[in-house]
Amino acid sequence: MDWTFWLEWVIKGFVLCLILLTGFAYLTLYERRALARMQIRIGPNRAGYQGLLQPIADAVKLIFKEELTPSHVYKVVFFLAPILTVVPSLVIAAVIPLGTQFEIAGRTITLYVADVNVGILYLSSIASIAVYGIVLAGWSSNNKYAMMGGIRSSAQMISYELSLGLCFVIAIIMGNSMSLIDIVNAQKDMWFAVIQPVGALAFLIVVLAEVNRAPFDMPEAEQELTAGYHSEYSGMKFALFFMAEYQKMIVVSMITATLFFGGYREFWFLKDTFFSVDYFWWLGPIYLFLKVIALLFLMIWIRATWPRIRYDRLMAFGWKILLPLSLALAFITASGILLAQELSSPLLIWVIPVFSIIVFLVTVALINRDLRRKSYGRI
Amino acid sequence: MVPVDYYVGLSAVLFTIGALGVLIRRNPLIIFMSVELMLNAANLAVVAFGSVYKTFSGQIFVFFVIAVAAAEVAVGLALLVEIFKSKKNINVDDLNSLKG
Amino acid sequence: MNSEMIVFLVLALVSIASALGMVFSRNAVYSALFLVLNFVTVAIFYLLLGAPFIAMSQITVYAGAIMVLFLFVIMLLGAESLPPSATLPWQKPLAYVLTSALAVEALYLVFTRARSSELVTSPDASLNSMESLREMALQLFSQYLLPFEITSILLLVAMVGVIVLVRQEKAGQK
Amino acid sequence: MHFLSEQTFNGFYFLAPWLVFAPVIGLLINLFFGKKLGEKTVGIVASLAAGTTFIVALLLAYSVSMNHGEMHSVKLAEWIHIGALQLDWTFRVDSLSTTMMLVVSGVGTLIHIYAIGYMHEDVRFKHEEGRFNLFFVYLNLFIAAMMILVSGDSYMMLFVGWEGVGLCSFLLIGFWYEMDTLARPSWANSNAAKKAFITNRVGDFGFLLAGFLMFWYLGSFQFDEVFHAAPEIAHSMPWVIVAITIFMLVGVAGKSAQIPLYIWLPDAMAGPTPVSALIHAATMVTAGVYLVTRSAPLYSLVPQAQYIVAMVGAGTALFAATIAVGQYDIKKVLAYSTISQLGFMVAAVGMGAYVAGMFHLMTHAFFKALLFLSAGSVILGLERGHHAHAHHDHKKESDSEASRHRRSQETSHSKHGGHDSHEEVFDPGDMRNMGGMRKTMPVTFWLYIIGTLALAGIFPFAGFWSKDEILLDASLHFPVVYGLLTIAAFFTAFYMGRQIWMVFFGEARSDPAKHAQESPKMMTVPLMVLAALSVLGGALNLPFEGFHNLTHWLSYTLGEMHGLPLNLQVAGISTALALTAIFISWLIYGRNPLKAGQIDPLKKPLGFVFTGMENKWFVDEGYGVLVIKPFKWISQFLADVIDWRFWHDFVHDTVIAGTYNWISEIALNRYADQKGIDAFANWLGDATQWLSATMRKVQNGFVRSYALSVLLGVVLILGYLIFK
């Protein structure tokens, strides 16, 4: 390992962080503008052309704001919590491939920081670490509302982690590997979202809950919790929480795109054409960027459309519906692939979407029936 | 290249610290954590030996230990919560009703 | 003294320090946090030993699930610190003596009896590949299938047990 | 994706175990949840199980045809591996076994569906509704056993299925074990079941002897290995093969009801009618034919054994046909007819005309199942008529004031013949109670006619083609057999004609027959399917060039064979004879229909011959004198004298017990027990008490101090390891 290796590594990590941080800043603008458009407003448009400098203005404001540290908090943990929230959201991106590779000065530069053979496990372990920041922030604030927010949020994240894991399993089975690069390459012929549409949908729902986005943004329910676990935070520390949330959005969009929507690869029907990343490496990041933008828009759209779900229903949905559903989906996927392999007829692969959609419709019918039967009860 | 003795020695030290925790703390939660620490120390030794002998059995064994530990913690913590609810106190030295 | 040795020594120090911190913290929450730190260092040891799968499982299960559960219970019970009690005063010194004896004995045994030149870990590059992971999975689901299934049943039993334990309370309220 | 481009299609052979699994799953569901599921669900589950088997059989047949008849074996599990004996549970999929699978599961499925309707009423007429599930459990068990039989890869696997179907037959014949066929408390049905079981044991013993010989001289049970080793042995020790085949014939005679072991089959009609149709007509009893066909390579080595088989078959065919003429029970007639037709098949396979035998097996399965099930429909129709009649009367009795005169008649009638009292029960199976039923049960009537024409061998029904093929083969090589079979065919047409005229024509000879009702769709629809098969089944193997489908199909397994062209002389003779027989039966029974209470018009002209036919030529009585009486005497002697007086009274009571008493009283009790063991036990108790009193001080209730002691132990052990 010579020093250039380390240099390449450092540069790639730095660039990745830079992408995420800039992305976070402009995601806030994107969200505000998109929301405003949906609510027939204009949104921030003063700072710079079409409000393009608005994030910088916000950052300046937050940095210069006075930081209050309440006297009754557990100081060390109080200080540690925002950091513990931000770090996982940055670190998790390390295994996501942004593109293929290119050569510069005789060196092959790959467009990812690390190719870990247990990449998906890495994702799930970092995702599970992310709970700490929130629960500690809630506890160290020494404030009932904050504590409730923290506990709610972490209970929610732990609950949905099971379904998240099962959705990962679906992707692992279809990609026949735990390495994200292999999974992306396995989608060369067909996106997994097409073969397992319900799995992709379940994954989207789960990641919404994992990053505490609307309609699952329980911990920040202002009406009940006065902003939840970060009630006591202000200034830069609050900004860190804010940053973590938006970075997580970006990162989970990248993960969703990677696992189910072909990652940095082109549409499957463009695979051997001029538009393939196999021809031009620089198309990879662009494709991924477009997919992320689309998925982020979906998230914003959901926030603009749906009201928040009641907490007990949220948990019941996670445990009683999403978990069995994703279990069934994993089973169907595995059986479908086994069937196709055993009978060696690739057409049988379409058993998977058919059965998945049947299961999905049954689930929807069950929810519908339950809701109608006791319209205000638990689901 | 780290000799495996170092790992085993570290494992022994961690194990001893866990044992110390079990002995001197009165908070059952911390006793519980100490037990987890001891389990981890044992796992570390197992994985270290497994990597020396180039076999997966060590890792698989640790995998089972982790799964069993999860089950154990779930049940143990539920028991602690129940004890707390009925006794309003979880100091282990006050839980001596099984005295002979 | 190669780079790996340095990493090992630093991590070992962190690991031992965090273990001691876990044992001696006044506040149970800090204890739990020290333990998480310890688990993370152990996970890194696993990585050094060429066991990435176990390392990730360690973080997911221990740090991500078990310790969060601990934190929950500590916070819910308000059991951060307990009032001191005066029972068994003779135990603490005896415990120190015995544990230090244990440590000395164990280390003595490890470094005198078990030492041999062949027992040197050399992280195999092949261990870190996709193939080795697949190999391990195959072993897990063939040779160790029965233990695997028994473990799954054990988890189910634990789950049912916990639900039963918690349910009793609710039935009493009704 | 990585798996999207691999090998070629290689068939559905892996499904073979589901032949057995599907019915077993069905029976387990019904066994454990049957009570909760309700009759309809139970029936559906059982029928689905049988239907799944049929579908699997279809897929297997498809796979075989795709692979040009290549034999394929699917090993499911190891069974017995001892020394040279290597037995596995292997499924053998070839054209012969798939043919049998198709027949068994196809007819079986139809009968399952029929049985839902039949048993629904049967359990009510017999006042025992809870037994509905049990019936379907047995039926599924039967399908599973039959599948093991036909799919087995070795004689021992075949034997497992062979015994399994025997067990199911026993269970189902004795289904109403605590009553007789007319639902009176009696042991008649269970006796019939036992008779079937014991008679079959005799046959199975022959089969086992054949198996032992086979293993001793040929060294294997596996079909291919046996057939491979046989020619050499036949050359050096011809008697071995002869013995094996003759002993096997004994087994065949037991299972397929041939002389002299046929006696159980008529009694087996005690079971519910679907059972008679499925087990005792269409499938199980043909197992013997299948066995001989399967062993074709063995039989073809020894012409003398083949001749014996053919003679046994032909003799049975004629003998049973004559008995059928003299029977009054609708099902008994069909039972003897079945024996007779089985004789045809056995004769055919004995002559080496395996395809003809299998062909007749298939067509017979269709039309005999049809006939039996239609007979069941007739019987239930009569039962319904009987009940409706009785209820009708009760209703009249309660609401009509006007017909007082009539009421007094009814009450006196119900005192003697009401359906609740068991003194004088109406027998719905007796043809003398029927008559004129073509008006009350038109659908059943037409179905019955189709079955009869097929059985009688009238052109162009299925029976014509298959029977003709057998006769043609016989006429070419075995004139004696040909003669016997032709006469049997004549009788067949005659007794079937007699049955038709007696049951469906003329005037109703009893009240229930007047009020008989048609069966529900659930029962008639499967019958229609079977009727269609009975009409069209001949198309499987028409005797014209290019239409020998079955011959071609079976020659995959049985070796190259050529279908025979139609021989107008043989066909003409048999058809003419059949038509003549039907005409004679019309002269006797059709022109002047029987009146109620009238004796059979044949009785007078034939005299003692008819008495013989009526009483089955006194075969059962002969067996009673020759076998059962001596047997009973010997067992009586063994039980009373040898066992009780000698062993029990003298050896056990006097010698052994006396000595034992003496030893235990003097030596053990006084010295060993009281002085030794007692004292030691008391001392143990005292010591334990003292020890526990001391030890309980250690248990102070503090977990931490327990942990401390554990740690102390660890430290000490490590210390020992260091200093040792």
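When the chains are written out, they are named A, B, C and D in that same order, and each has its own residue count from 1.
Heads up, the rule we're going with is that contacts are C-beta pairs under 8 Å (C-beta built on N, C-alpha and C of every residue); 3 or more make two chains touch, one makes a residue touch a chain.
Predicted, not measured: the structure shown is a model, and the values here were computed from it.
Colleague: Counting C-beta pairs in contact, which chain pair has more, B-D or B-C?
Modeller: Result: the pair with more contacts is B-C.
Colleague: Please indicate the chain closest to the centre of the assembly, with centres calculated from CA atoms only.
Modeller: Central chain is D.
Colleague: Cα centroid separation between chain C and chain D, in whole Å?
Modeller: Measuring from centre to centre gives 64 Å for this pair.
Colleague: Any idea how many Å lie between the Cα centroids of chain B and chain C?
Modeller: That gives a centre separation of 6 Å.
Colleague: Taking the mean of the C-alpha atoms as each chain's centre, how many Å separate chain A from chain C?
Modeller: Taking the mean C-alpha position of each chain, the two centres sit 29 Å apart.
Colleague: Could you list which residues of chain B touch at least two other chains?
Modeller: Correct list: 19, 23, 26, 93.
Colleague: Show the residues in chain A shared as contacts by 2 or more other chains, in ascending order.
Modeller: Where chain A is concerned, no single residue meets two or more other chains.
Colleague: Using the touch rule from the top of the page, what residues of chain D touch 2 or more other chains?
Modeller: Touching at least two other chains: 702, 704, 708, 711.
Colleague: Within their complex, state which residues of chain C touch chain B.
Modeller: These residues of chain C touch chain B: 2, 4-5, 8, 12, 15-16, 19-20, 22-23, 28, 31-32, 35, 38-39, 42, 45-46, 48-51, 53-54, 57-58, 61-62, 65-66, 69-70, 73-74, 76-77, 79, 81-85, 87-88, 91-92, 95-96, 98-100, 102-103, 106-107, 110-111, 114-115, 118-124, 127, 132, 135-136, 139-140, 144, 147-148, 151, 154-155, 157-159, 161-162, 165-166, 168-169.
Colleague: What does chain A use to touch chain C in their complex?
Modeller: Going by the criterion above, the answer is residues 74, 77, 116-118, 121-122, 124-129, 131-132, 135-136, 139, 147, 151, 154-155, 158, 161, 177-179, 182.
Colleague: Along chain B, where are the residues that touch chain D in the complex?
Modeller: 19, 22-23, 26, 31, 92-93, 95-100
Colleague: In the complex formed with chain B, which residues of chain D make contact?
Modeller: Interface residues on the chain D side: 695-704, 707-708, 711.
Colleague: For chain C, which residues count as touching chain D in their complex?
Modeller: Those residues of chain C that touch chain D are 87-88, 91, 94-95, 98-99, 101-102, 105-106, 108-109.
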